[in-house]
Amino acid sequence: MSKPLPSPADHAREILARLGVTGLSADGGTAVRTPIDGSTLAHVAFDDAKAIEAKVAGAARAFRSWRCVPAPRRGELVRLLGEELRSAKADLSALVTLEAGKIASEGAGEVQEMIDICDFAVGLSRQLHGLTIASERPGHAMRETWHPLGPVAVISAFNFPVAVWAWNACLALVCGDPVIWKPSEKTPLTALATQALLDRALARFGDEAPAGLSCVVLGGRDAGERLARDPRIPLVSATGSTRMGKALAPVVAERFGRSILELGGNNAMIVTPSADLSLALRAIVFSAAGTAGQRCTSLRRLIVHESVVDKVADAVEAAFARLPAGDPRQDGVLLGPLVDRASYEAFVHALDQARADGAAVTGGERLNETEAPEAFYVRPALARLPAPTAGMARETFAPILYVVPYAEFDDAVAMQNDVPQGLSSCVMTNDVREAEGFLGPWGSDCGIANVNIGPSGAEIGGAFGGEKETGGGRESGSDAWKQYMRRQTATVNYSGALPLAQGVRFDL
Amino acid sequence: MSKPLPSPADHAREILARLGVTGLSADGGTAVRTPIDGSTLAHVAFDDAKAIEAKVAGAARAFRSWRCVPAPRRGELVRLLGEELRSAKADLSALVTLEAGKIASEGAGEVQEMIDICDFAVGLSRQLHGLTIASERPGHAMRETWHPLGPVAVISAFNFPVAVWAWNACLALVCGDPVIWKPSEKTPLTALATQALLDRALARFGDEAPAGLSCVVLGGRDAGERLARDPRIPLVSATGSTRMGKALAPVVAERFGRSILELGGNNAMIVTPSADLSLALRAIVFSAAGTAGQRCTSLRRLIVHESVVDKVADAVEAAFARLPAGDPRQDGVLLGPLVDRASYEAFVHALDQARADGAAVTGGERLNETEAPEAFYVRPALARLPAPTAGMARETFAPILYVVPYAEFDDAVAMQNDVPQGLSSCVMTNDVREAEGFLGPWGSDCGIANVNIGPSGAEIGGAFGGEKETGGGRESGSDAWKQYMRRQTATVNYSGALPLAQGVRFDL
Amino acid sequence: MSKPLPSPADHAREILARLGVTGLSADGGTAVRTPIDGSTLAHVAFDDAKAIEAKVAGAARAFRSWRCVPAPRRGELVRLLGEELRSAKADLSALVTLEAGKIASEGAGEVQEMIDICDFAVGLSRQLHGLTIASERPGHAMRETWHPLGPVAVISAFNFPVAVWAWNACLALVCGDPVIWKPSEKTPLTALATQALLDRALARFGDEAPAGLSCVVLGGRDAGERLARDPRIPLVSATGSTRMGKALAPVVAERFGRSILELGGNNAMIVTPSADLSLALRAIVFSAAGTAGQRCTSLRRLIVHESVVDKVADAVEAAFARLPAGDPRQDGVLLGPLVDRASYEAFVHALDQARADGAAVTGGERLNETEAPEAFYVRPALARLPAPTAGMARETFAPILYVVPYAEFDDAVAMQNDVPQGLSSCVMTNDVREAEGFLGPWGSDCGIANVNIGPSGAEIGGAFGGEKETGGGRESGSDAWKQYMRRQTATVNYSGALPLAQGVRFDL
Amino acid sequence: MSKPLPSPADHAREILARLGVTGLSADGGTAVRTPIDGSTLAHVAFDDAKAIEAKVAGAARAFRSWRCVPAPRRGELVRLLGEELRSAKADLSALVTLEAGKIASEGAGEVQEMIDICDFAVGLSRQLHGLTIASERPGHAMRETWHPLGPVAVISAFNFPVAVWAWNACLALVCGDPVIWKPSEKTPLTALATQALLDRALARFGDEAPAGLSCVVLGGRDAGERLARDPRIPLVSATGSTRMGKALAPVVAERFGRSILELGGNNAMIVTPSADLSLALRAIVFSAAGTAGQRCTSLRRLIVHESVVDKVADAVEAAFARLPAGDPRQDGVLLGPLVDRASYEAFVHALDQARADGAAVTGGERLNETEAPEAFYVRPALARLPAPTAGMARETFAPILYVVPYAEFDDAVAMQNDVPQGLSSCVMTNDVREAEGFLGPWGSDCGIANVNIGPSGAEIGGAFGGEKETGGGRESGSDAWKQYMRRQTATVNYSGALPLAQGVRFDL
């Protein structure tokens, strides 16, 4: 760490002031720590039951007027938010780095993603298209219209502390829905900062936006469950672990709410003999070690043709070994810290398990322990195995990459699919039949499937999400917006007669 | 009942033989009774756990080959099914009448709906459109493709014993999914008959259709729960009571399966002063008394402007009083039986409650008790109330129509929305502002909203289903087919370079 | 005209300087006159054949690189244009007023429309969706993709001197197409000003945008014809008279180019007995007299039920009589000048014809002739007729409103349709059957059909354009963007086998 | 020719009788000759001006009622047509073989395509979807609806004598449009036979279908021009030569009609080093020699990497040499006759030109001249050239395949694009970058682009047609149906207020 940087706390204080963040509490609240060195950035007060009730009630009230504001006008609010995010991009992304530990370029990329979804949602505000439908009855007109749904709860995780909110909130706002955000308890500051930027946009937007249109609920699991149970919230969009999703989904389902679940990934890459290995190497290292392996789309499993597996594994090992690690604010650093001690312990445990399963493991050392004893920097680990193990079917949210060889392409696809998760997947190949086969009905079973790209780094224009234990939700592009609205099928009879569908007769 | 008709049992036996239905058991099995006179039509054997396991396993196996059959070819199977249904329309609709008690015209309408969805699904087999999407990266192509999902469980109710299966099965088959059908325990015969017709189509279709592509599971609640829990079944489509849905939804959600729920309706009509009252009367009587009030879209609540409420109520009362009741096979009969004694008891109970709540009730008498002591024919009941009651918020699956007056249109809409269910709704008006307001974002909160048509009798081209306790599912037309497929977002890099989305830099 | 305003020439000079407009010529070029008082605003040089050739060649060159820029990145250029338009809104709209004579509010509305289409096009840049299509052959993937088309010529008219360009250019740029703009010879300054704003956006956008991406061709009919004939321009979008379209369309068609034609309208309103007459009056006056009757969507024919025709006509007459006329820059003025003497003469001629046909005409006087002898302000004219005449079937681009009575609604619709043009139409009614009938297959035959709104003032989210002699083109919203792209249907065989479509056998 | 077949005239007579074809004239009319041996199959009477006028007037009348029949009901007519085609498939395809000279399998494939489009159109009859659109004004509802357009003229060519009509007619009928069919003067019998089958469907359909809904106009170029000029025909869909299109398009454009043009193709295949050469060979021979090179999608230009060009050319030469030629009704025959002497002469002329340009030509001999002196069977010709020539840019409707080598893939794509036509194209490659590049924005400029399939043999689910001199039309799948309807953008104001779009103020 060559260049002198301000202390994380000073750095955060300065940004929070510039963004006009309020709601920070004196020392009596919950401490927010930075993964950079484990120091405290600020203190916040968690919401108690009464506070949450007030916020939900406020959102329900806001809904009654927000749904009446025309959608293109609602889009204008999101456009203003986009302007605020553009202005404050440097600050907000630096705060992401401080609170979540991402390197600067990834922090900036995350805010860029917020900006992109704003632009997308503004366009969408005139394209919330339903259908006109030809009726089988003369003098009848059918149509399907999409109407605002109601308050949406967004429960987000530490690793994308602001982008995931933006994916949900920009669509929700344009669709006519208030937003209640419960961020990870590890990243409340970026949430408060984002809300402050939205407040600026709201102030410019004017009176049409009701009080309570957007709020942040700070708290832990308990707060999330409260939202999940609340019948006034027709949609809960939750990002996090499969375990969290398994608990939350039935609670929402029982009250006939909708869920968008973005849960665990356990993402694989297949490298075939025809692949451009230099391209593959770059894709592997970015997707396995980027964000210190803490993306839901991080690469965790590498399935390489036996003819090139050693070559690929050696190259990855070498690249892992020379990745610059350290304070993620520092120029040139590509490898930041794990989020906390629990994460580090899971990493160590998974490596022990891999070794016990016969893996040859390289990397995995703890780094910078002396300089930062309360921070957890690790060298990404490569675990070479002769065949898939049970351990590989579990997701560890840390930079461990398992490598296994394959002989036949169909077997490689079967290995890729043979885990409970179904988020992202990819194949590196120059062969048309392999590429298209991977994307075909008997290919990858994931929600995301790439060719000659790693599993991470989706664009906002496509629907984002996965199958199986990943939870089945889709966010962002395509027609993901439909989940934030209610569909109404209408038939208008302007004929003067009353014919029945399917030719049924019922004459009085 | 003037014309001599065969006994229900003889009538059923004849039809079942003609359709080649197998799987009926000797007297040892479960008796299937007709609501026409309570007599036994046949006996069937319920599936035990082992039998269900074998059927699910067979469907899972069938999926692996059926998903590889091109969709337009899968459509050809559904086209052949449509041909078989056209040929056997008279028989199958008569069997619906025998087993479910519907009048002949409604039985025919139900089979027509099966035929319509076949035609629709055949067209759809070349239109399972995903998207191509412009990527933000040069030399990259994005696309969203819809792939087959896996075996689909269809749990259907007695009142649409075959059409609901067709809505689901025709889409599922075209989408590449095997179908496992658990019909109501009250209507197994029509299910077996439908499967026999599909078997004929399968025989003509040839080898590409695998064994196990479609099966019928006979049983009660237990069998349904078994299917709901099975992780090999990614989609459960269930029609029935809200209580059933409340139990089933969390079970499916916990294993990250998808549900399509079509649960209770509690459907209202608003009659405004500008309405064509003659049209309104016909719409009311058909939708309140048709199928003896046992449609999920039956009209249950009538909200009439105070200036015409008495006139409308008097006319409905008179029409109810003269509705021809009796054996639903009989020409001219418009009013068949309730499905069973429990249904009758619920009817009686609800009327008692209404009276206790201050309603003036007319109708509601039991009919034909002497001729058919084990059948339950009732005169539709009209319950006039000065204002909505708690009892009106509960759905009774029988011909009870509550009438309340309103003064302001907005109040009428609020009354319409003020129940936990959200299936179907309608307004009778000639006023543009009322009509469009009812269909707008602050109008009806139901999945179906009609103008100058009753709440029942949807066409297959629109999406069918409702919000709130109705369960949120959508079947049949529009893009309901997407629920039967899995969505895949793919990006293909053909550029030779590896730019990252959102401009992120990660240079080794 | 109470408030002292700068002279039009000074006013224009100031704005042009502020916007950095270059390309104005010394006195030697063509004079640009303001309809406000007929004075000269500036001089411009028309392009000769050689200059046009260079610009088309430049656009063709620009296409080869612009099509390779990813669409979302192309959207960023349009987003920057939107920012420039927002900044310069006051200036550009004032220039519209000076050059085209529109009142200030309409000038601002026109620039707002440019801004709206920018926002829309930015969203569209990630939604240029083609389709993935299920193939009938195993191991085959079909898809439809939309690719950039090539340089687009935009030929625009004086009355929407900038918005029509924006409708076309924003879509074209996002779709990957360079734009060649030939504005009306009456309004070159607003075109140069708009190009200057785009140049600012281009400078901020950077190197990816090639030289020649957008240019302005100044000239008359001859210049337009040159563009129409040029095989390097696959799409010509032309707004203007039916006569112009009739000449241009075959020229483009013969070389297999595409045309988007937005030609004459002759728009009618039907007023029924149930209409809100106060609403109707406001709609009539704005759409008949706004922009001094010089919108393609201006109201020209009023078809009123005989029971209210006198009342409506009297009210319109009174409103026309008191409309504040004068310098359109002036606060409170609602009625600006006709564009030039030819326009005034056509107005006079049409009124003479109407009188000869038996019309009772009120209004139609020339105003302010003394103060502004070279400007042409007129009082809107109302021509009452007992039945439609041949003269009513011709469009006069000036504020003449013909009124005829009707007895039966179907006759009113027939009158509405019985002209050669088919742009916009409307009905004022509160009757559902009339409203929906007007919008149904046997109702209005126009591209635009409104209920309880006048014929003018479309939103950018819908497709804009009309049928019959209006030319059939559609611009702006819905899927109008597809015209700016070429469609490609692709099938990829990844099966290793070569099955033929439709089961054809051809075995060597 | 080993197996004894009936004489073509006897064979045709038998089929025409079985299909109930009427309208054949005695010897006084125009003789219809078979390309099989040049003998006369039957005589027909061409329509004179008066007869055509009556048919167009009848279609215009039919439109007024057909547009009121609900679309799903219109679909039922097309479903019945599909049933008739299935029943008569053998007869109609044999007649195609007799009249157009196609081999039996291709005749059957053509009728299968008719059947496929019937199924597709039936599904479409409930999916003629417009849009509902969110308005920017409160209390306003926008929508886009597609309405019936009017009579459609279909001008078809000899080489697909019935399928092209079906592509157009099935969509047109479902869309609410009557159809006027002018088949090629070379193939009137298949047209009359198809009309006879439609008449059977109409008889079963019943009274809702008006007289004049479908008619056949027999005649030559003159008859086609008459239809092109007729203002009662809003859409002319014409298949044929570029020369024909160039004459017809301006005539339709001048009256503001729409054209769908399917004109010349000059289709190429690129064979890259990674291609599966055995697959390529089969694709080449079928697409170059199938239908004796008389498909608009026939392969005419082969662009082969220099490393394999000799190998590929030698293999094609050998395959051409052994293709079984003769009476196309005969089992095993793959090569039928050219359609007539003019076609043969063009073939000879193009080969002379190729030789003059330096081509090494093999094949091209006339076959069976002795047995069938009035028929024109030829051996497909292969013309090897070192580089593209001007002659290769012209389409000769006969089996000539030009072969040129390439060194760089980009050059191959440039050669592929460097002709005035733009119908179909393909690349044989196993390289992902080449395959996707070919399908990308800087790849093939054709309407159809395939990978590892020849250029011919499209499926009906995609849009069919091409760019540049191919005419730009699209038929069959995707949203081609929109051309057969008129689009209406409607806004309904139900608010009681009258806000203007873009915030314009105009207060009286």
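Here the chain labels run A, B, C and D in written order, and each chain numbers its own residues starting at 1.
Going forward, a contact is a pair of C-beta atoms (placed from the backbone, for glycine too) under 8 Å apart; a residue touches a chain by one contact, two chains touch by 3 or more.
Chain labels with UniProt names: A, B, C, D = aldehyde dehydrogenase (NAD(+)).
None of these values were measured; they are calculated from a predicted model.
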In how few steps can one go from chain B to chain C if every step must land on a touching chain? 1
Comparing contact pairs by residue number, the option in A-B, B-D or B-C matching C-D for over half of them is A-B
Taking each chain's C-alpha mean as its centre, the one farthest from chain A: D
More Cb-Cb contact pairs, comparing A-C against A-B, go to A-B
Rounded to the nearest whole Å, what is the centre-to-centre distance of chain A and chain C, using the mean of the C-alpha atoms as each centre? 43
Quick one: report the Å distance separating chain A from chain D, using the average Cα coordinate of each chain. 48
How many angstrom between the C-alpha centroids of chain B and chain A? 36
Within chain D, the set of residues that touch 2 or more other chains is 68, 72, 116, 125-127, 131, 133-137, 140-141, 144-145, 432-433, 435, 439-440, 451-452, 459, 461, 477, 492, 494, 496
In the complex, the residues of chain C that touch chain B are 68-73, 125-138, 140-141, 143-146, 429-433, 435, 451-452
Applying the document's contact rule, which stretches of chain A touch chain C when the two form their complex? 72, 75, 79, 116, 119-127, 139, 141, 432-433, 435-437, 439-440, 459-461, 477, 492, 494-496
Interfacial residue positions of chain D with respect to chain C in the complex: 67-68, 105-106, 108-110, 112-113, 116, 131, 133-137, 140, 142, 144-145, 147-148, 176, 245-246, 249-254, 256, 258-259, 261, 276, 279, 281-283, 285-286, 290, 319, 323, 334, 435, 439-442, 444-453, 457-459, 461-464, 467-472, 474, 477-479, 486-494, 496-498, 500-506, 508
